[in-house]
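Please read the structure below before turning to the comments.
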Amino acid sequence: MDLATIIGIVLSFGLVVAAIVVGGSPMIFVNVPSMLIVVGGTIGATLVNYPLGHVLGVVGVIKNTFFNKLDSPTKVIEQFIDYANKARREGILSLEPLIKDIKDGYLRKGLQLTVDGLEPQTIQEIMETEISYLEERHETGAEILAIMGGFAPAMGMIGTVIGLVQMLQTMNDPSTIGPSMAVALITTFYGAILSNLVFNPMAGKLKTRSKEEVLIKEMMLEGILSISKGENPRIVEEKLNSYLPPKLRKSSE
Amino acid sequence: MDLATIIGIVLSFGLVVAAIVVGGSPMIFVNVPSMLIVVGGTIGATLVNYPLGHVLGVVGVIKNTFFNKLDSPTKVIEQFIDYANKARREGILSLEPLIKDIKDGYLRKGLQLTVDGLEPQTIQEIMETEISYLEERHETGAEILAIMGGFAPAMGMIGTVIGLVQMLQTMNDPSTIGPSMAVALITTFYGAILSNLVFNPMAGKLKTRSKEEVLIKEMMLEGILSISKGENPRIVEEKLNSYLPPKLRKSSE
Amino acid sequence: MDLATIIGIVLSFGLVVAAIVVGGSPMIFVNVPSMLIVVGGTIGATLVNYPLGHVLGVVGVIKNTFFNKLDSPTKVIEQFIDYANKARREGILSLEPLIKDIKDGYLRKGLQLTVDGLEPQTIQEIMETEISYLEERHETGAEILAIMGGFAPAMGMIGTVIGLVQMLQTMNDPSTIGPSMAVALITTFYGAILSNLVFNPMAGKLKTRSKEEVLIKEMMLEGILSISKGENPRIVEEKLNSYLPPKLRKSSE
Amino acid sequence: MDLATIIGIVLSFGLVVAAIVVGGSPMIFVNVPSMLIVVGGTIGATLVNYPLGHVLGVVGVIKNTFFNKLDSPTKVIEQFIDYANKARREGILSLEPLIKDIKDGYLRKGLQLTVDGLEPQTIQEIMETEISYLEERHETGAEILAIMGGFAPAMGMIGTVIGLVQMLQTMNDPSTIGPSMAVALITTFYGAILSNLVFNPMAGKLKTRSKEEVLIKEMMLEGILSISKGENPRIVEEKLNSYLPPKLRKSSE
Amino acid sequence: MDLATIIGIVLSFGLVVAAIVVGGSPMIFVNVPSMLIVVGGTIGATLVNYPLGHVLGVVGVIKNTFFNKLDSPTKVIEQFIDYANKARREGILSLEPLIKDIKDGYLRKGLQLTVDGLEPQTIQEIMETEISYLEERHETGAEILAIMGGFAPAMGMIGTVIGLVQMLQTMNDPSTIGPSMAVALITTFYGAILSNLVFNPMAGKLKTRSKEEVLIKEMMLEGILSISKGENPRIVEEKLNSYLPPKLRKSSE
């Protein structure tokens, strides 16, 4: 799991718990029915909003996001300089034996099409379609979490309104008003916590990771097209380097 | 009806009802005039916002969305590999007899234009116009539900303000303040429920379904154009596969 | 006036009035100074926001929207099939005598340019500029109403704050607090009603109508260009039909 | 200064002042420290948000917007028909002596480049860059005002929270609660007034004016390109007329 | 550090502190646990939202933004007129010795590619990729600050809800209600201050600075392409001048 997520969750939840414990009995913030209506209502609304497959898919996307390592862009560049040199010296068909050892499915497919001798125009069309639908599938994951980040405080508000109505209807003993309102506010608290410390930041991280993955794929596509056009390895390097911040660039010399 | 919608509605409404029943007499949450002002006001504002035909059309779109089955993308790919093979071996006219049995109107029209020998450029123009206006019609459905999801809490708020003004004007007996405020809050409750558990998530599902349908149509267009250009069946397969997540792809070998 | 608008206004205002009358003396909701500050303040802010001509123009746009009938798309298609047939049989100049009887200024101009023998490219440029500026003028109307839908609740809130400050400053007799707050809340009520039952839904209807008008113009442009390129009437029909939902399409056979 | 702005400000501020005066002593709404924290805080946040030059530039943009007259589009069209006729009859160089008398810098530059014999393609590139950066500079003005329209109510809210905290901490004498809360609410009042009656509507007017100026520049560019391509004056007229609403168009016949 | 930021921060914080000091004991606004939960919770949520490297990178971006000086656009134009003249008179290779002395890495790379004789098309591709990814890296900085500007008031609200729940549960002595609510409101106050006086305006300044830097880079690219196409120095000047507001333009005559 990536470090920032762990630090972030420990830090923010730790401070919230500390604030609760310092202020007195922490048990007043634990209320199972309130938790059920916020969490369950949010999941329910999300299931109406998305097909079952998409919602279940989020779990996979999250696992993928927090545990898979991406190739580093500089490694991708080095690899493509090698390919470009080899293709220039020994011809494009010399790349064929290398393809089987490539782990990344996108790169493997792209090089295969190149070796098969498809025109760069056709390769570009196919590989760009692939990127754009990959992007869309990733976005769905972030979108679902963001939608949950919107439903959670709404469910919290609904729970609080229910609590307020019940309290107002039975307001005989003034001494019970305070505790009843406190209980009504707990759902608002849960909704705000879930939205701001869980769903929204996780949606944000999914988006960032998706951007990084798409960047790598776009660099690969640029490299594949350069090779398929038989461009000079130095040009390939310049082209790919322009995707990186200056300090990450390595000179091949 | 799709499973996620049923589970979602049962889950979220079930929890809300449970929270109400546990808290005391559930009848204080049933208030016909409050329901009328929120539901009727929302429908009224929506009718000012959209032409009658569009609003009535939503019912059809919803039925269509929750009960119609879409072709699976993998089936569409298999079909197009067959067409491409047949067209390559026996000529494009050999597809003519198959057209009559195609159920999907979009695919039927596209193949007919191909068999008629129109240029790929013209076919693309016609079929893309069709997709973009199909998309627009679908979006209108989702938009109307989203607009209703915005009017519902506004009507709830208006109802609550009316209740508060009436209560404040006749505030003689302090013991009636609580119950009056409770009644005033009921419209806020209805508005929030309708918006967050009904209209907004349904608008979301319509959008997702529309995307899926458009994806299928775009794959069909890609396939039709490939056939009309006489492309190699393997290329057709590669092109169509790039629309899918890797794990759904089948190799034709 | 279009039916949906009438039904919508009667329904939503009827229910609000009913809720007021049922709850007691309706006169507490009629407060001329409150009405003045909300309506007048909204108009004032709108006049700072838009040039005088635009604001006055909204009246015309609204009248235009609710009382003018648009040509039906199917009629436009029929017309163009006739033109295409005539142009194909008797030459493009044979359309000249028909131009004078055309009511729609856009169609008349487009056909005139075609008969004058301008190149399709030039006709397209001119007619597309016209559509895009027509769209912009329509949008301004919808935009002004939407801006008013934003200023109205803000003015309502300002009125309520003024009322609250005045009440709090002179809070001697507790029995006057209720009625004073009730009066302060009236402006919030007016702002919410104006925004949600008048301005926002009307802005929505203007947008929908504008889309419909632009659709007709785009179909006309497509048809004009087809004729100016001398395309086959069947192609013209296919092209124009792709703008329509399948069930509205008529076959010319 | 444009009429609508004056009417709008007089109307909206007049009604607010009237509501204040009618309700009792108007002096409770005049509170210099509250004014300072809202106005000063808004300016402070804006200075952190934008470079000093941009913020000072807003004054110039506002003066420019409310006091400069734009050429009317119909006059621009007439002028270009004259140019096109002259260029057609006497050659493009015959426009050279006219250039010095043109007041508008954009038109002058464009015609100069045309007379200098640059290719239409190059002229278009240069003049479009100019329009797009003019647009951006205008937008910055509107943006700064809109940002101020967002900071003002936030500062109002901060002022009110400060007032509430101070009141709650020293709540000994219940009779002072009302007046203290009234004072705390004054900053909310100032923030709402500044945002909704000053900053937001002025940002709106800047945007509208910028659109009008860009429209004129786009018409000039269209005309310049037509002349540089040696197009027929009637075509020039048709092209430019398509930017206008039908009722403003004049026929040159 | 840029002047506007210093003035802005001094002005806005000064006024807030003044309002606090004038109203009584300022110590009631200093509450370390409240500060911890707002600041720490905001940082925690941001760490979940972004990878660690991005969050740490913000510090560098901020330093860069407030302390680095950009080249003035007019100086860039002068420089390019020199290059264009030299290239025209002595050939493009005569620029080679100058390249080593150029400080700006972007300009250096662009000229190197030009001198190396790459085609303008290829140079444009490489250099535009570089601008677009530079823009994206800058935007991430502004985005992180804007996200923090959203989490801060949310954490403030969560802190206030915690305080309210604790107060309501233990509401025995009415005289403690005021001070307890005051303490609960302090987190709302911190959240609003951090969001509106720190994070949001700083995000705004980063965006403005990024636009300025991109403008300079775009002018450099335009100039590099002109030189690589061997265009006339006067054209180069006209092209670059069109990026500037008229009053900043200098004539080379």
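Going in written order, the chains are labelled A, B, C, D and E, and every chain counts its residues from 1.
The rule we apply is simple: a residue touches a chain if its C-beta (ideal position, glycine included) is under 8 Å from a C-beta of that chain, and two chains touch if they have at least 3 such contacts.
Keep in mind that what you see is a predicted model, and the values were worked out from it rather than measured.
*Asks:* If each hop has to land on a touching chain, what is the smallest number of hops from chain A to chain C?
*Replies:* The fewest steps needed to get from chain A to chain C is 2.
*Asks:* Where the contacts of chain A and chain D overlap, which chains show up?
*Replies:* Common contact partners of chain A and chain D, which must touch each of the two, are E.
*Asks:* Between chain C and chain B, is it the same set of residue numbers doing the touching on each side, over half shared, or a different set?
*Replies:* Both copies touch with mostly different residues.
*Asks:* Could you please state the distance in Å, as a whole number, between where the Cα atoms of chain B are centred and where those of chain D are centred?
*Replies:* Their C-alpha centroids are separated by 40 Å.
*Asks:* Can you give the whole-Å distance between the Cα centres of chain D and chain E?
*Replies:* Taking the average C-alpha coordinate of chain D and of chain E, the gap between them is 24 Å.
*Asks:* Of all the residues in chain C, which ones touch at least 2 other chains?
*Replies:* Residues of chain C never touch two or more of the other chains.
*Asks:* For this assembly, give the contact graph shape among line, ring, star, complete and other.
*Replies:* Shape of the chain contacts: a ring, since each chain touches exactly two and the loop closes.
*Asks:* What residues of chain D sit close enough to touch chain C in their complex?
*Replies:* 2-5, 7-13, 15-16, 18-20, 22-25, 28-29, 178-179, 181-182, 185-186, 188-189, 192-193, 195-198, 200-202, 204-205, 208-209, 211, 215, 222, 235, 238-239, 242-246
*Asks:* What residues of chain C sit close enough to touch chain D in their complex?
*Replies:* 33, 36-37, 40-41, 43-52, 54-55, 105, 109, 113, 118, 122, 125-127, 129-130, 133-134, 136-137, 147, 151, 154-155, 157-159, 161-171
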